[in-house]
Amino acid sequence: MLKPLGDRIVIELIEAEEKTLSGIVLPDSAKEKPQEGKVIAAGTGRVLENGQRVDLEVKEGDRIIFSKYAGTEVKYEGNEYLILRETDVLAIIG
Amino acid sequence: MLKPLGDRIVIELIEAEEKTLSGIVLPDSAKEKPQEGKVIAAGTGRVLENGQRVDLEVKEGDRIIFSKYAGTEVKYEGNEYLILRETDVLAIIG
Amino acid sequence: MLKPLGDRIVIELIEAEEKTLSGIVLPDSAKEKPQEGKVIAAGTGRVLENGQRVDLEVKEGDRIIFSKYAGTEVKYEGNEYLILRETDVLAIIG
Amino acid sequence: MLKPLGDRIVIELIEAEEKTLSGIVLPDSAKEKPQEGKVIAAGTGRVLENGQRVDLEVKEGDRIIFSKYAGTEVKYEGNEYLILRETDVLAIIG
Amino acid sequence: MLKPLGDRIVIELIEAEEKTLSGIVLPDSAKEKPQEGKVIAAGTGRVLENGQRVDLEVKEGDRIIFSKYAGTEVKYEGNEYLILRETDVLAIIG
Amino acid sequence: MLKPLGDRIVIELIEAEEKTLSGIVLPDSAKEKPQEGKVIAAGTGRVLENGQRVDLEVKEGDRIIFSKYAGTEVKYEGNEYLILRETDVLAIIG
Amino acid sequence: MLKPLGDRIVIELIEAEEKTLSGIVLPDSAKEKPQEGKVIAAGTGRVLENGQRVDLEVKEGDRIIFSKYAGTEVKYEGNEYLILRETDVLAIIG
């Protein structure tokens, strides 16, 4: 199991074809093409300068749209994941 | 439904022709051409270093002017949207 | 009506000729030529990291000098405006 | 009258010849040639993140040395002024 | 023994071949190839602006994935180590 | 008299020859050659975001080593001075 | 005696040959080659935005590894020293 740190999350990519299912289609023209994924694990949150820990808004299982060039690709136990910071998440698809 | 995170908002673009209705016309000469849109959804606000969450000033349904080069385009359930940060919003038209 | 957000202001430009009236003449030689304008609307102010909102110093109706390359031009109901941040305002003329 | 905002000040330039009077001579060799001026008006001070306003150290009437490339030139009622931030002031001549 | 300072950690690199054991395989295509390692020593944590010390999330013995270009290589008593900051750690493998 | 502001200090340069006296010799090879000087005047200190003023560590009369490319040269009443920020001071020679 | 300010430290370099003694060998391949040294003097610590002074972790007499390109070289009373900030120290060799 991959346990992301702090404000990071681990997501599984949802390829373009599946997108018609949840309705997200990325316009080719878009300068920056956001992508869709499913949250597999979320970090413990961000620590503020007053010592308080702020939980992440995204939860395990959420479908999200994120900025395409964000994150780092990793293969783990045969599956491909992307590790992002929450600030790269544009919206939750709900 | 698209649920933006933190200080982000989802807007629907209002094309140039419609603009005469609300009065906003973008001068071609302008170095940076602001655009007009309607707020579809607003994030939960910004978290300050003292842990306090500050609500966004823009609300669902507001007509706004924003900086042209800001945000990320997304198509969702056949509609085109732009996801911005509130700091890219110049003014509310009201 | 244009309602600027946060620390932004909406101003009406005062062209060069009118300037002799209020006394401001912009030296051509100046690397950065400040400009003069009248404040049409002022934002709600800046939110500090302790959650306090600090009002803007400029008020509606103030004549100001600002840095030439600042802000974004907008036409609204046939009039031309510039939307600036207060930090681009050099001084109030009064 | 020019009323500078926040941590800005308005100064009148003191040309090189006059400098022998107050003793400041700018070495040509100096990579960055500071300049001398007289403070005409001082802003209301800087607002800290805890909401406290810190007064400026320079006062109206002070003779100062400042970094040459700082500030913006303005002509007002026939006189030439420079509008600086206090952080560009190197020292008060007293 | 190497005692890292503040938010730094000392890790032992786990070479590619061993990776099949713990399941992490780095896709060649990935723009930024994360790497795997074992934590040998962890620093005392990060000091916040309110003076509080925040412990590191990673502990001695943890297997981690980190960004490839992060850290500084060191040889100590015949062994090769990498000294990183915790913010370069993407996830703990557990 | 030159009165530096905030975290600035005014120093008198101590030329290379004199250095053998206090023992500081600048190695030509050094990428960045620190220099030696005597503090003539020190500013009122740095104001923190909580409003507290922190006195400078250097005092009038201290001999210091500082980074060569720091500060601004000024001639005042026939003498040459350098105006630096305290953060450019590497050490006090005691 | 050299008294470093704030978060700075003065170290004596330990040349490559001696390194086999304490076990640190710098791999030539390393993009950034850390170096080893002995702490001669440590500054008074870092002042946080809440006014609190945080002592340095390194003490006089510690053997340390630091980033090669950090610091400024100084010769004092015939000896060569390097003046660094504590953040350039990778680890204490204990």
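First chain written, first letter: the chains are A, B, C, D, E, F and G, and each begins at residue 1.
Just so we're on the same page, contacts are C-beta pairs under 8 Å (C-beta built on N, C-alpha and C of every residue); 3 or more make two chains touch, one makes a residue touch a chain.
The UniProt protein names, listed by chain, are A, B, C, D, E, F, G = Co-chaperonin GroES.
The structure displayed is predicted, hence computed values, not measured ones.
When the partners of subunit D (Co-chaperonin GroES) are compared with those of subunit G (Co-chaperonin GroES), the chains appearing in both lists are F.
Relative orientation of subunit A (Co-chaperonin GroES) with respect to subunit F (Co-chaperonin GroES) corresponds to a rotation of 155°, obtained by superposing CA atoms and rounded to a multiple of 5. With centres taken as mean Cα positions, subunit E (Co-chaperonin GroES) sits 22 Å from subunit A (Co-chaperonin GroES). The distance from the centre of subunit E (Co-chaperonin GroES) to the centre of subunit F (Co-chaperonin GroES), each centre being the mean of the chain's C-alpha atoms, comes to 40 Å. Note: centroid distance subunit C (Co-chaperonin GroES) to subunit G (Co-chaperonin GroES), computed from Cα atoms, is 50 Å. For subunit D (Co-chaperonin GroES), residues touching at least two other chains, in rising order: 48-50. Here the chains make one closed ring, and walking it from subunit B (Co-chaperonin GroES) through subunit C (Co-chaperonin GroES) gives B, C, D, F, G, E, A. Listing the residues of subunit A (Co-chaperonin GroES) that touch subunit E (Co-chaperonin GroES) in their complex gives 1-6, 8, 10, 41, 44, 47-51, 72-78, 80, 83.
Those residues of subunit B (Co-chaperonin GroES) that touch subunit C (Co-chaperonin GroES) in the shared complex are 23-27, 29-32, 34, 46, 48-50, 52, 54, 57-58, 65, 67, 86-87, 89-94.
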